[in-house]
Amino acid sequence: MPTSPDSPLTRQKVNLLTRELIQCGRDFHHRGWSLGTSSNYSVVLERDPLKLLMTGSGFDKGQLLPEQFVIVDEQAQLLSPGPLKPSAEALLHTELAKHGAGAVLHTHSVPATVLSEYFVRHGGLRITGYEMLKGLSGIQTHEAEAWIEIYPNTQDIASLAAEINQRLGDRSNPLRHGFLMAGHGLYTWGENIAAARRQVEVLEFLFEVVTQKRLLFGSF
Amino acid sequence: MPTSPDSPLTRQKVNLLTRELIQCGRDFHHRGWSLGTSSNYSVVLERDPLKLLMTGSGFDKGQLLPEQFVIVDEQAQLLSPGPLKPSAEALLHTELAKHGAGAVLHTHSVPATVLSEYFVRHGGLRITGYEMLKGLSGIQTHEAEAWIEIYPNTQDIASLAAEINQRLGDRSNPLRHGFLMAGHGLYTWGENIAAARRQVEVLEFLFEVVTQKRLLFGSF
Amino acid sequence: MPTSPDSPLTRQKVNLLTRELIQCGRDFHHRGWSLGTSSNYSVVLERDPLKLLMTGSGFDKGQLLPEQFVIVDEQAQLLSPGPLKPSAEALLHTELAKHGAGAVLHTHSVPATVLSEYFVRHGGLRITGYEMLKGLSGIQTHEAEAWIEIYPNTQDIASLAAEINQRLGDRSNPLRHGFLMAGHGLYTWGENIAAARRQVEVLEFLFEVVTQKRLLFGSF
Amino acid sequence: MPTSPDSPLTRQKVNLLTRELIQCGRDFHHRGWSLGTSSNYSVVLERDPLKLLMTGSGFDKGQLLPEQFVIVDEQAQLLSPGPLKPSAEALLHTELAKHGAGAVLHTHSVPATVLSEYFVRHGGLRITGYEMLKGLSGIQTHEAEAWIEIYPNTQDIASLAAEINQRLGDRSNPLRHGFLMAGHGLYTWGENIAAARRQVEVLEFLFEVVTQKRLLFGSF
């Protein structure tokens, strides 16, 4: 039975998760992964019906305030009252949540921007042979490889959301780990905020490794 | 009716904005954008007549003190008593304020220094196709491009201020977003300190992207 | 006479060393040397019989909690009750402790990952002529050189531990300073946590120097 | 009249300057300019006869303690009782102090290490045309240039100190701004700790500019 949105229990949970996302924003801003007003973060509040707590559009991620978050439903429509708008990209968060993500983090780093702009012509970036790959959810050995899909950047988020939905549901070869939007940044997710943060850290680390390998040895 | 410079209300406002610029300096110094005694920052206190609160010349931006700020008029002449001098570049701040800026931030980063030294021969740096461009005031889509003008570095700030004034008032193609001084750094602005900080973060991010793209792929 | 594992004295020592390793994780995570859930750290609690305090497997090193540590014996078997597992690499820690290390730190940095992937074909990386070499335990002059051995990455930690054991006991040319696992990261050690941290800082500094020299001048 | 070394006044001054150098170490360690146990810092306590407060040899600069400092005379001989040794490089500090420096800071950064190793063949590094040069003591315009002398690294500090002494006293072309030891790091100074810190920040910034310019455009 879902708790009422106004119940003390829900309020407490919202406060806790809000604080966790505020800390996330502070850390990512510090590392240069969420500068300007870039990035957006969300976490599942309830599953049935789906409710997401999400950063509102246009705020400094280095010093988020509790009043800068919104609650949206499974159509990314606003459930919380007030003047805030959810991010234009809220539909990507809801698609990912519907396929099981408990938290979704979208970041804009320099390496993700530059690599995605280049590798979009190949549809993705293959990363192989690094121990750090074992930090990605579901990978057990460093011999595994990760294929990070890259989509052209677009203002038509509804179409991209539909494509992501299709790729997540692909039984033979589902989208995994995260994806890049070209010249834009990373979407990744986990069962909770901590797991999603791990995915961000692992993928950003690997993007730096790929970058530095190319700079040093001229190959990817 | 402008408040008296000694009124409690003005004093409170000055204190608040001083604290905000001190925090700005701490953050920018930490990121390496305001090392040594480089950089200067200002914010509009009153519009009619124009009064700016501005960092005094020659202080460490990582640990600014309230007594290291000055108040200047629209000619960049000192209104606050005491031994401090406004920065030699105060005239650039007043020109920008006269054209509507609520806060002006001038920073010295390594990428801005190196890129501006090179691209001054082309008069500016064109940045196109990145999502982060949407963080710049007035840009709605990542398909837009930003043209960041670059001026030769000079000790003749009065002449540069006149040129900036002319460019800001150019009806067909006004100066936008910010500008670089070659081998020196960035000037950018916003309606308030927070907006100007966003501009700094977005532009510095884009300078790093341009730099890393060139390092990786040999092209700008 | 070893103190009882439950004695107040042992408890106090465990608390102290736990705090020291938590601080270590915070700093290394901040520098990007222990992102995701990578890295593991240990310190000798008792020598006879050998007992190590060690990070449990799978935790965020940026915010370790006291309950995320385990105590293992000389076979890397768990002595502390509870659900935690020691790291798969615990056997490397115990081998190093048996050969005299008081603390062992294993980190995953970008330069260590990239350099080790490349230089594993040569079996190691030779670093020579830098003042910072004097920061390595046992080196008195900058004219000395350090040879950092590199092993292929493996899931067979028992075999690697046997090889490390053999190399540490090699009388004519023992393994010194630390070693790299290819595409993975650094193992180094010292008489206590502070000494091991110094080794990490010195080696990571040198890996950055080697990287930047190659980028600037095309040679190692 | 110099105060007695045990007078309350001297003790207060020592405490104050010690805290300032501890903060300096924390900041420089954070930036990666004083990793391991590298670097040493000093400040003049008294001029007649000369007494310097200086970091003892072999401590972590990121968390210096008051008991890790020593006081030395003009021959770099220990005046403070206890087991600590002054740094092997203390003679360089005393030479600089005799020529007027109020504080001397020696740091080990990656760019300073790599550039000094390369440019020692030319005897120094010329830096020209950057606004940041105006942050160096005595430079009024960005059109000026700085010539940073580079000496081969040596264990014979007494000989190097004699050479530095001769260069500082050279009437026609005295050593200015700071100097590098090849593959080692930077020595710079100022009238007090704050001024010397500014010199470090300005020079380290310029070393990064020179490095990034070379990486981007293939020239220095």
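In order of appearance the chains are A, B, C and D, and numbering begins at 1 in each one.
Following the convention adopted for this analysis, a residue touches a chain if its C-beta (ideal position, glycine included) is under 8 Å from a C-beta of that chain, and two chains touch if they have at least 3 such contacts.
Quantities reported herein were computed from a predicted structural model and do not represent experimental measurements.
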| query | Can you list every chain in contact with both subunit A and subunit D? | reply | B, C
| Same or different for subunit B and subunit D, when you check if over half of the residue numbers at their contact belong to both copies? | different
| remark: Greatest Cα-centre separation from subunit C belongs to chain B
| field | Separation of subunit A from subunit C, taking each centre as the mean of its C-alpha atoms, in whole Å | value | 32
| Separation of mean Cα positions, subunit C and subunit B [Å, integer] | 45
| Going by the touch rule set out above, which residues of subunit D reach two or more other chains? | 215
| query | In graph terms, with chains as vertices and touches as edges, which category applies: line, ring, star, complete, or other? | reply | ring
| query | When you check every pair of chains, which ones turn out to touch? | reply | A-B, A-C, B-D, C-D
| Once bound in the complex, which stretches of subunit B touch subunit A? | 129-132, 135, 141-142, 194, 197-198, 201-202, 204-205, 208-209, 212-213, 215-217
| subunit D partner contacts - residues on subunit B that touch it in the complex | 32, 35-38, 60, 108, 110-111, 113-114, 117-118, 153, 155, 181, 183-185, 211, 214-215
